[in-house]
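Sending over a structure as structure tokens; questions will come in a sec.
Labels run A, B, C, D and E following the written order; every chain starts at residue 1.
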Amino acid sequence: MAQILLRNFARAGNAALLTKSSNSSSILATSAEPGNCQLHTTPACCEIRKLARLRVVDNSDLGKRAMAEGRPPRCIHVYNKRGIGLIGDKVLVAIKGQMKKGILVGLKQKQRMKQPQFDSNNLVLIDDNGSPLGTRIHVPIPTVLRTILKEKTLAKGADYTKVLAIASRYV
Amino acid sequence: MNINVRILTKSVAQQYAFKRIVTFSTKPTQQAAAAAVPQQQEVTGSTVRRPIVPAHYRFVYPEFLPDPKVEWRNTIREKLERLDMLDRRRQIELPEFYVGSILAVTSSDPHAAGKTSRFVGICIHRERCGLRARFILRNVIDHQGIEVVYELYDPTIQKVEVLRLEKRLDDSLFYLRDALPEYSTFDENMEVESLEEGAPVPVNDIKVVLRPRPWLERWERQNLLGVANIEQYIKDKHRKSSEKAQKPWEKYDLMKQYRATIPEEEQKEIFAEVHTELHTLELQRKRNKRKRTFVKPKHLA
Amino acid sequence: MNQADVSKLISQLRIAVRPNKRHLKNVDGPEGRLLKLRKTVTALVKHERIELFYNRADEARGYAELLISNAIRHGDRHKATMELADYWLLEKQLVHKLFKVLVPRYENSNISYTRMFKAPRDYPGIFYRKSVLELRGNPFPVLTPDNSQNRNLLHNVLLDEARKEFRREKLANLANKLAAETENATPSTPAQVPVTEQPEQSEEAPKA
Amino acid sequence: MAATTKLFRKSLGALTQIQQYRSIAKLPTSASSAQRNELFNLEQRRQQDAIGRVEKIEVRYLGLPEDVTLVMNNNISTPYNCAQHLSEGHCKRSALALIDGSVPWDMHRPLQESCTLQLLNFNVSDPHIVNKAFWRTCSFMLGAALQRAFKQEANLQLHSFPGPNIKSGSFVHDIVLGVQNWEPTKAEMRAISAEMVKLAAQDLRIERLEVDLDLAKEMFSDLRFKSEQLPSIAQQHQSRVTLYRLGEHIDISRGPMVGSTRFLGKCTVVAAHKLANEGASNAFYRVQGVALPTGFALNHFAYGLLEQRAQKLNSARLPTEPFEEQRQMQLS
Amino acid sequence: MLRTVLSDLARLRLSGGACSVTQVREKGHLSRPRLRNPYWFIRQQRLQTDDQVTGENRSFIKEVIHDTYGTPALIKGVQTYEQKQLIKTDEAPISTEPWTPNVRRCGLIARKIGQYPLWLKNGERIRTTLLQVVDNHVIKYIPPEEYKPTHQPNVKNLNRYGCVLVGAESTNPALLTKEYCGIFRDSGVMPTKNLARFIVSPQAALRPGTPLNVGHFRVGEFVDVRGKTVYHGFQGVVKRHGFKGMPASHGVTKTHRRPGNIGGGGEKGRVWPGTKLPGHMGNRWRISKGLRIWRINTKYNVMWVQGSAVPGSTNGLVYIYDTILPLRKPQEAPPLPTLYEQPEDEAPDDIWYEQVHNFKDETISFKPE
């Protein structure tokens, strides 16, 4: 029964999943195999565009709860002219019914030489002034962010360099 | 020579043959290797002008062989490129390593002036030739999988250390991306595991465990040797489609192989040109290593 | 393809190789293409001279060359080569011919093992180019007699004479130069000059 | 091509000394030439009529594609007719015939008895005989070309041409001109070469005729040098003289020659050397050229070497020297 | 024989001497690839047939060629002939006027031999194309007053400029036609496989026989490179113009790679000129302008220029000019008319632009400001 349901979900897509989230999560948590208990069965989008799922990597309350519930934030806007987020770009995300801003600190996409490419699309939540919501980032972030965020700070007025301050490790 | 000695034995020589592909050249390799050693001794005895190139050079320095695509080849360009590569190799020690070896790359960081960044990881892929030669390192740090692409001849690279020199069963390890994270987790402060001098490069026959689908690639079609549990996740339809995708005739397609390789005569010419230089660099490296090993106990004492 | 495949070692072919393969249209795809070529290679080894369409001959030629070069390289004790021969030669007695006849024949040769000629195409007929593919050292009479050996042809007679005259003049020039040099160096040794000129003149006499 | 042809004409028109060949009738010398031709025609017809009853001979042809025996007409059939029985290729390619394995025979000379026949082209394994015939034909054609190329004012008289010697590097024709200080320019040489090429393009048959000395004297009565030479030539051949005709041009030669002018391929007239003065206003000149048969595609550099060599004065017998030696040389 | 006459006439035409200018009508205004040369072009390649020359005579012909022109030699990585008698560097140049920014210099014929990366001193990786100058010799200089070409090159005030004919890659004259070899007769240069004409100012005139080397240009300067792009045959809009095509499914039938709509109706109901449609792709002459020379190797006559998109295939011919971009023109005087290389000069093999990292230097490390 549970497996049939799971298959249905996979076909129905994300919209159905979101609406029935409470139901499905309970079913999955109880009955599915440990390896298979993923909410989203479509492969993750390699590009950061609207409706791309992201992973919050700081220790903000909101982010931690969202990730723990298995409802990662979705990008609903990218603050650049191309509409595709690159490393260091600011994005607007929908997280637990709220709209929050965040900075992309690690991407799954192909990166330039000597810049790390991550296994997930990582996000750090910030407020409007650019100060992060959390106090610590628990994964490494690329050093190229130093340059990028410094440049952005000068250009945009908001101080994004605080994100750098809470980083635990650079690669 | 030590390097030659270690491919002397038959069992060892087989390790050079990639098991995925039926090779037609294992025997001459052995022969050449066997032949190379006595000739080498002759060299030490009498002065032979033409240097004898060890047969395993094509595995150690694959990037010295040009792209076999005929339309792109030009002898002058290849020669200039080789000269530049040797110039760079004189500045920095670029050791022998293979897909599956664990490397630590130290490079100067333009985003943190005056500092360097060091990345440790397993080499999952090597590609391209000449100055464009590059490799991909993979590691899991803080439960986050990270991959970095390095160019071998990039002048911002300060040091390339081989922490563990070994090979794996396959010639590219992209499947580690879909494997459980522990298979690509390596300690950043790993000590150099020095290999016995003259010992063959060991083949690590570890079989990694894949995560369940969805995967990034259709691994079941690639005849991977280093994956343990691929049968667990494939169904009949996958099996059928993978059977359909197999190309068993390719091992007989001689011209295809010919067009993908540099002929032996040309290889000899190329390596004869760079051999003396590479050989002196190798010797120098060994001397340095010995010095370092001598220095260490003094510190302890 | 950015890096040469190092897992194999193959000897260089002595023929010009096209950068890309021809597809040789076939319903069975690449496998069918190889089957087509296997038939050609088998026929070539069997008959030693075959006439066929140019494209197919040109493609099959490379395979035949590589097959022979592998057989020479590894001999008949090598399992993989035997497997190859088994695949490429559809008639199994030809495997024997390959190792026992062709290998000794080509062992010490420095040139390609096969030759290919453009053949005239029938008119009216199928438009495709035709060719003759043969193994070197076959028992048949040669297809293109070498005419360059005939020194009695008119232009060769003329050129022969021109050459002799050229050589004579060159020698004379050399002798003159030598004479001038010796004169400059030691003006008192005129005896040497006739000595150097003497053989040259005597050479001239019989020719004239 | 139109532009180049125009320019070509223009450059030729600019040449002094030489005029373009328009028609024989316009040439003042042509009066005697026409007469000579008429006599030639008459004699030819006479000889044909004199044959009488047609006798058959057996000609055994040796060579490719296979040896055959042909039954031909005595004194009428020529080797060319035999070739016509074989194939078109034989007709086109054969330059000379070889009778009984040793006697060279013109392609258009009637056969006189049963014999074996070989047809020679320039590519046979020993083309010595045919080469010699070719070289002789070149000299003969050069005479015709010179006749056509020179203006009346030049007062050209053909003297003779020595026997063919290929090893000398050039074929030769000796002439007498009404100028003593002619220094041939490149363009003039080129114009003569062009005449040669034109002759070759016209594909004229080279006819052979043996005549009596008296008739020959009559034919060449207006040519001083020829009539001077005739007695000594006739003396050696039982008072018979062999004549060759090419278009309108008739000359004395021992033969044999190749069948047609078509066999002349690459050809250059390279030089004209002054040999000696003749009388008060005339002078002997030796015109030299080099040629290859059709189908010999020698590259221009090698051919240039041959041209260079042909520019040197040919050492063959000079026209001022006694005539007997030449005969001897030809015989040898 | 006739051919020699023609060749002389053809040379007359080339030098633009007395002959009248014939009007040549273009096929159209579009830049079509030329399928065949105009009829008045001199044929270069001789029909290669079996000459049936004996081996002895063949070597004799070769010997004469070597005697007249020079022995075969590998000069600067190019297999050519050692034409020692040609080098006339001691002769005074035709003009001794100084350089001004408006002077047009001669260009070079080169081969594109491949591309590989170089690194700048700031760690940046640049892609460069290697151009090898292949055995260039000046064949002829036509002064402005005599230069009246049938095909007008697109140069303003053409009457002020002369023309330099440059040849590259000497070859055996026996392989070429006689009329083509006639072009080289006056200069004494061995016939070359490739020819190019360069429109030059009289100040930059060069004597016939002068060898041109890569030293003609200097490191850091900008050049324009002209080449014939790779031919792709008749291609559709997706490959030729980068159109997106249409979806593979969602009801699309038979129009996956088609251009779609190409215009409106009504008054404009026709195909507008310049509409991007399928057609022949490549095989056109294109110039990439303003490429910086990063590095020069004088030993092999190679220059490294910016970018990997120099028109032409690898091992294809390209022509190198001084750039015409106004802001990238050289400020200092370049070698005029060219750099005469002395054999005794001990020039360094490699000349690097100051910003480029030399592989012989130490590893780059970034200093804190």
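The criterion applied here is as follows: a residue touches a chain if its C-beta (ideal position, glycine included) is under 8 Å from a C-beta of that chain, and two chains touch if they have at least 3 such contacts.
All figures in this text were calculated on a predicted structure; none of them were measured in a lab.
Common partners of chain A and chain D, by the touch rule above, are absent. Listed by label, the chains that touch chain B and also chain E are C. Of all chains, the one whose mean C-alpha position sits at the greatest distance from that of chain B is D.
Across the assembly, the chain pair joined by the most C-beta contact pairs is B-C.
Placing every chain at the mean of its C-alpha atoms, the farthest one from chain C is found to be A.
Chain B and chain D have Cα centroids separated by 80 Å. Centre-to-centre spacing of chain A and chain C amounts to 67 Å, using the average Cα coordinate of each chain. For this pair, chain A with chain E, the centres built from the Cα atoms lie 54 Å apart.
Centres computed as Cα averages put chain A at a distance of 36 Å from chain B. Residue positions 113 of chain A are each in touch with at least two other chains. For chain E, residues touching at least two other chains, in rising order: 51-53, 57, 61, 64, 125. For chain B, the set of residues touching two or more other chains reads 71, 109-110, 132, 151, 154, 156. Chain pairs that touch one another are A-B, B-C, B-E, C-D, C-E, D-E.
Across the complex, chain D meets chain C through its residues 122-123, 125-128, 131, 134, 166-169, 290, 292-293, 296, 298, 302, 305-306, 309. Partner chain B is touched in their complex by these residues of chain E: 77, 113-114, 116-117, 119, 122-123, 125, 130, 132, 297, 300, 302, 313-315, 357-369. Of all residues in chain C, those touching chain B in their complex are 1-13, 17, 19-21, 30-31, 34, 59, 62-63, 66-67, 70, 73-74, 78, 80-81, 83-84, 87-88.
Chain E meets chain C in the complex at residues 50-58, 60-61, 63-64. By the touch rule above, chain B contacts chain E in their complex via residues 71-74, 76-81, 84-85, 87-88, 90-92, 108-110, 113-114, 116, 130-132, 151, 153-158.
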